[in-house]
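Sharing a structure below in structure tokens format, with a few things to ask.
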Amino acid sequence: MPSHGGATAKVPTEAGAPRGPDAYRLTAGDNEYDDGSLLEISMGPQHPSTHGVFRMDVVLDGETVVKLKPVFGYLHRNHEKIAESASYLAAMPYTDRLDYFCSLTNNWAYALAVEKLAGLQVPERAEFLRVITAELTRLQNHVCLAGFLMQDMGASGTPLMYGFREREKILDLFEALTGARMMCNYMRFGGCRCDTPPGWLEEVRKVVDRFPRFLDEFENLLSSNEILMARTQGIGVLTRDLAINAGITGPVLRSCGVDYDLRKVDGYGLYPKFQFRVPLGDHGDTYDRYMMRILEMRESLGILRQALDAIPEGPILDPKSKLRGFRPKPGEAYGRIEAPKGELGFYLISDGSPNPYRYRIRPPSLINLTVLEDLCLGHNVADTVTILGSIDIVLGEVDR
Amino acid sequence: MNPIVPHLIVAVLLFAIGMTGALARRNAILTLVGIEIMLNAANLSFVVFWRFGPNPDPQTGLMFALFSIAVAAAEAAVGLALIIVLFRHRRTTSLDAADSMKG
Amino acid sequence: MSPIFYFLAMLTLGGAVAAMSLRNPVHCALSLVVTFVGLAGVYLGLGAHFLGLSQVLVYVGAVAILLVFVLLLTRGSGKDEFDERPDRWWPALGVGGGLGGVLIAVVLAQPGLALRTAPPELPTVRALGESLMTDFVLPLQVVGVLLTAALIGAAVLALSDRRRTPQDSGPVTSREEGETRR
Amino acid sequence: MAATLDQLFVQLLHGMTAPLPEAIRPWVALAISLGAILAVFGLCFGITTVCERKAIARMQNRLGPNRVGPYGFLQFAADGIKTLTKEDIVPRTADQVVHFLAPLALLVPVVLTFLVLPFGRNMTAMDLEVGLLFFFAAGASTELAVFMAGWSSRNKYSLLGAMRAIAQMLSYELPFILSTIGVVMITGALSTTKIVEAQAAAPGEWLARWHVFTPWGLAAFLLFLIAAFAESNRSPFDLPEGESEIVAGYFIEYSGFKFALFFMAEYLGMFSSSGMAVTLFLGGWTAPFAFLDWVPSWMWFFGKLGVLIALFIWVRGTTPRLRMDQLMDFAWKFMLPLALIILPTAAIWHYAGRGWLGWLVTAPIVVGAYVLLGRSLVGRRRIRQRSYRYAAT
Amino acid sequence: MLGIGLIKGLAETGRNFVGSYLDPDRLVTVEYPEERLPVKENFRQFPFLVFDGEKADIGLRCVACQICEKECPPQCIYIEKSKDKKPDHLGKPQFYPAVFDIDISVCMSCQICVEVCPFDAIKMDQQFELSTADRFRGLLLTRDRLAKPNSHFQAIHPRDAAEIDMRRVDERAKAEAKAKADAEAKAKQATAAAPGATKAVASTPKPAAAPANEGAIS
Amino acid sequence: MAATGDSAAGHRLNLDPNEFGTTSESSASVETLEQILPRMKVAIPGVTFEVVPNSAPGAEPSWLVDREHALSAAFFLRDDSTLRLDYCSNVTGVDWPERTIKVKVRKGEPGAEKEVEETRVVPGYLEVVYHLYSMAAKHGPVVLRVRTPGRGNDVSLPSLTPVWRSCELQEREVYDLFGVHFENHPDLRRLLMWEGFKDHPMRKDYVPPDDYEYEPTPHDEILEKAQARLARREASS
């Protein structure tokens, strides 16, 4: 019975072992599926749970996933090519559109890469502002992620709305600081675009002070919910070795117990100055991935409090940086930060012209999707939805 | 007219239809359907005789039909399980395919 | 006889004919449901309320569902059997028709079929239950045993030989042990 | 006055049918009752959709519909007009006849279930001796309609939804029926009217004898309610629809008025099973306390119904959805054994004199069975709260 | 025990249900057309062109240098530089944009044109209700639709405007002082050379008073 | 930002601690290329290594490996006990079209050399850059470069997916956008563009089609181009 072996046999046992070409065969024209016992469905690009225009070609045996192929590119706009034909500065607003939930961290990663390329220094106040905005971004991303995950589990939108309620307050802060709620376009090479409006830091403190209450509510509602635990525990288990080998980063990586947080490892920005802990999971399943986000939010709040206490006055832009006629010397640089979704890197090659010669984004969402099939095989079709939700992708970044 | 007659004719016709189908159809599931129809025809005659028959016992006919329904349910369950097993071995539910003893 | 009876009879017989002659097995199963419902109506008309409703509950609610479920499970089971053996229909029709004809002749040839003129006193559910527990206790037990045996038998038969073992994930041991929350 | 109000609708029906000849009078009465049921519960359906949207919106800290009519309460009318005037799209490959019949086959049995519900004193449309059986028989037919809808659409998602729906409804049918057997045993009747009457306060008693006030009754009530959630495909058992997994399940290919019929059938199913829960466990139209007897009986019924509907809405606003295998596990490994344990418990309650002794004996059995079954259900999958560690730095 | 987490969740949603009636922190919804949030000062929507003085066709600060056109990431700005020079509202002859179009169906509100403009001529507007039935012409803002007075800028971005006005006044004062010094030097030369050149000296300081006033208003 | 010296031989693997001020534990694994290279030569006979300098202030030089030995070099880098570069963060394609550079060359008779400026043609090639880090030892990056012999349509490189699964999608992307075929890649299909798309858009000589934007914007050269193309097509048909 050839069709029955699929469910368990295809789960790769050895982490990182290259899988044979058979594992990549799609079903069309396969005799194996001719008897009709397997069901091939295309989840996406208009499926409600694919977080945008993602598509998975899934082969089901009953409701068990036998094969799953992600299909990308529905949102592809060749961002890299656009950036290579525009000036360094002109690429900055485009980075907002990568992971449109976290425009500020995208800004930061790009600014960091350019600063490495051109040797710019960032004034201390700007670094503080970067940390504050990045951690706020992390908060609102994780809040929404948890909400979306529950939405994928069919929770009628309640956790999602709670997440959006809190996100709204953070977006108000972004709007007051940067002028836009989502497409912030705030950071510049060697600093930030503008200083805080009067009273902004107090507003941030208010939001930060109220946030723990919300997190407690969220955990009351969800973390101990039996249905949530049953739906997520032991589902989509990612092993440590596979995670490292497949280049998984961010909370997904840490949920399988790998201590690798770029804020600690690279210590970029001012993160070495702050006290915070890196939560680690032991199981690498969907529940751990969810809990990593909840715990990281609590740590982010700690960082925010420290930053708000310590932020100095001062300039916010490197005097060496210039907006017009910015031409870094030839060379290359790879800058990376710990974005909410994982390691976001920018690789730039300059040939001395005003446009980057090569502009490359290392999108965490795309690379975290490498293991999607490994996580889903043998699980129920409903679980693929939660697994995808727990990986946390944004299609703007996956397809670029 | 004696009201028992039309009821019995319905039962007879039902039985004949079920029998024809059970003999003609090759799909094991549909053969089972034919058998169910025949059982129902029998049930109907039980009820008819209970209702119009001279038997003083008020409930025997009903009881018979009731037990018959229960047995029919059991029969359907086992029969369908057998069909599933057959399908699993032969990838078909056609009775013509089940012509050898060893699965 | 009331027109309702004739209507129900037509429904029943029509459903049965459709169930035995339609090409699509799912259509057959659905027509069978019509037969069951029609019969239930006939039972109700005869005053056997409990039996009629049991008929709906068991046949429509369980047997028909089971049928379509098995149809779905064995879907794609190949070609329509009509294409294979159209010739089987004639002998089958002959047997069925012959039997039906003989039986109808027998029924019609009995003018003196005994008839209870007064309708029997309709049994209450309580009376039914009591007689089940007294006069018919042995058959009840036997049916119970039969049903249990059938249930177990069906489960054993249908139980698949492949069983998905949930991947068990032991805790990943890690060298760096930090503090524990909660 | 109170008695008039109580029997208002009964008298009304009587007055309408009195001039008719004897032979057709019950049939006309039945038709009028059916019309009244359709009208009342159709309106209830509309109001419930609005209330549900508003309530869930408030749970989610939103405002909910607020544009049509005062506080948005005419939203259902706007929705109705919209669905009525929308184009009815039938897939070209669909099985046209079955596709057309499915919504009707779903709605008719659901409406029939209302016939045996006692809405008030003397207010049962069809006072059958086997009313409960009628309810379950009619309810069981809806599964087939769901299958018809899913299968005839020729859509893989809808087929998955239909398979899920059948498996789910078939599995929950058992605890659904078994949980009521205790009531039947205690009251000794299948007639809904008699069941309600058995729960009224006896003369001299201040508290009614609702079955929910007994240990086995409470457990059976909860089981019945959970099974009712599953039977009416409501969250957290809305897997057949599962919009995040299989898009909309069995009615994915329905649009316009047919879609509205599915929607309506779901809500009517919810009403009828809640109504049955009220009848069986919450004393139907009886007042909880003897001194409240002056309130018209139908008000009690609809009040209790409203409370249960609110519970349905509340749960929907809170819980995520189960997965298919968990749903099955829950039905077969938790609810079915518990329902089977409750049956003898009810018998013990009866023979222990229905008093403090009954409480003493039966309550531990019910609670113990609940805890043990729950633990085995959760423990086998190793579902538990976890603790987390932090990287040492 | 099974069910505790669910009951906790039910309690939480129940609390939110009640809280949404009592706690304004929970019910954050704003019913938009009737109810509006105060627009934040930094809020930006689409760019507009600032002009000084009263008349848009005279006072436009833009000199059609086309830097913004080059830097604009989605290339939504289209400028045609004038062939001739026209006096701006100070009377100084300048190039001006013969055509200045912004296609706001393309514009992504990134503010880069504002940042790169050396003349403070283009700023971000806060008007966001720009929907139109005409997809192409309606969303193409021409120079006349883009031009808005400095007072509008002062109204929507008071802090920036004050800073910029101050700077411009300073620059102008410096320029004036320089011009004056030049003129005086010239006048000295002229008086030395020929009388009757006082006309030119008298005409320059007059318009300079207007923007200074505007700055004072804000 | 402290530049870590111009000599490539002194290139340290880990990031300069002064630069970021943390990661004390990783200082144990500081190793220079000079120390690694002999080991590598032993492990992989015949490998050629070239250090490509980087003149940016960050000064992370990269190692150019010949394509024949790239796979074994990658395995070595991953499995070596000191390096343990178990994490491939980023895979990039870079297109270097043929270009002419001016070099100063000493020419002429020995003893009477003259400095002559000469133009030289550098043949074009495609390059794939891997950024490697170590999660175990928390150091990095090591930048690995592999070059194709030319810029044709069928240039190929060995796939490093067997070494790091993280290359799987990124190599597909490089294949899609640059047209580098990766040998032994388990699933080499286009990633972002659709099947049947002919060109490789990230190459420097890629000409975008003139019909990708059809909406008539008022100053649209593209519209004019598209209309002209349409007119041509109509005229020809």
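All chains are identified by letter, namely A, B, C, D, E and F, in their written order; residue positions are counted from 1 within each chain.
Here, a residue touches a chain if its C-beta (ideal position, glycine included) is under 8 Å from a C-beta of that chain, and two chains touch if they have at least 3 such contacts.
From a predicted model like this one, the values you see are computed outputs, not experimental measurements.
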Shortest chain-hopping distance from chain A out to chain F
1
By mean C-alpha position, what chain is farthest away from chain E?
B
Pair of chains ranked first by number of touching C-beta pairs
B-C
Per-chain C-alpha centres versus the global one: which chain is nearest?
A
Taking each chain's centre as the mean of its CA atoms, chain B sits from chain F at a distance in Å of 75
If you average the Cα atoms of chain B and of chain C to get two centres, how far apart are those centres in Å?
8
Mean-CA-position distance for chain F and chain E (Å):
44
Centroid spacing, where centroids are CA-atom means, of chain C and chain F in whole angstrom:
69
Two or more other chains touching the same residue: where does that happen in chain B?
88, 91
Chain E touches at least 2 other chains through residues 2-3, 6, 9, 12-13, 16, 26, 28
Could you list the positions in chain F whose residues touch two or more of the other chains?
none
Which residues of chain C touch chain D in the complex?
24, 26-27, 30, 33, 37, 40, 49-50, 53-54, 56-57, 60-62, 64-65, 68-69, 72, 124-126, 166, 176-182
Residues of chain A defined as touching chain D within the complex:
39-41, 47-49, 60, 63, 150-158, 161-162, 165, 221, 223-231, 233-234, 259, 261, 264, 277-283, 287-288, 291, 295, 380-383, 385
Touching chain A in the complex: which residues of chain E?
2-6, 8-9, 11-13, 15-16, 25-26, 28, 40-44, 67, 71-73, 108-112, 115-116, 118, 124, 159
Looking at the complex, which residues from chain D come into contact with chain E?
55, 58-63, 66, 314-315, 317-319, 370-371, 374-375, 377-378
Of all residues in chain D, those that touch chain A in their complex
56, 59-62, 156-157, 159-160, 235-236, 238-239, 242-247, 316-326, 378, 381-386, 388-393
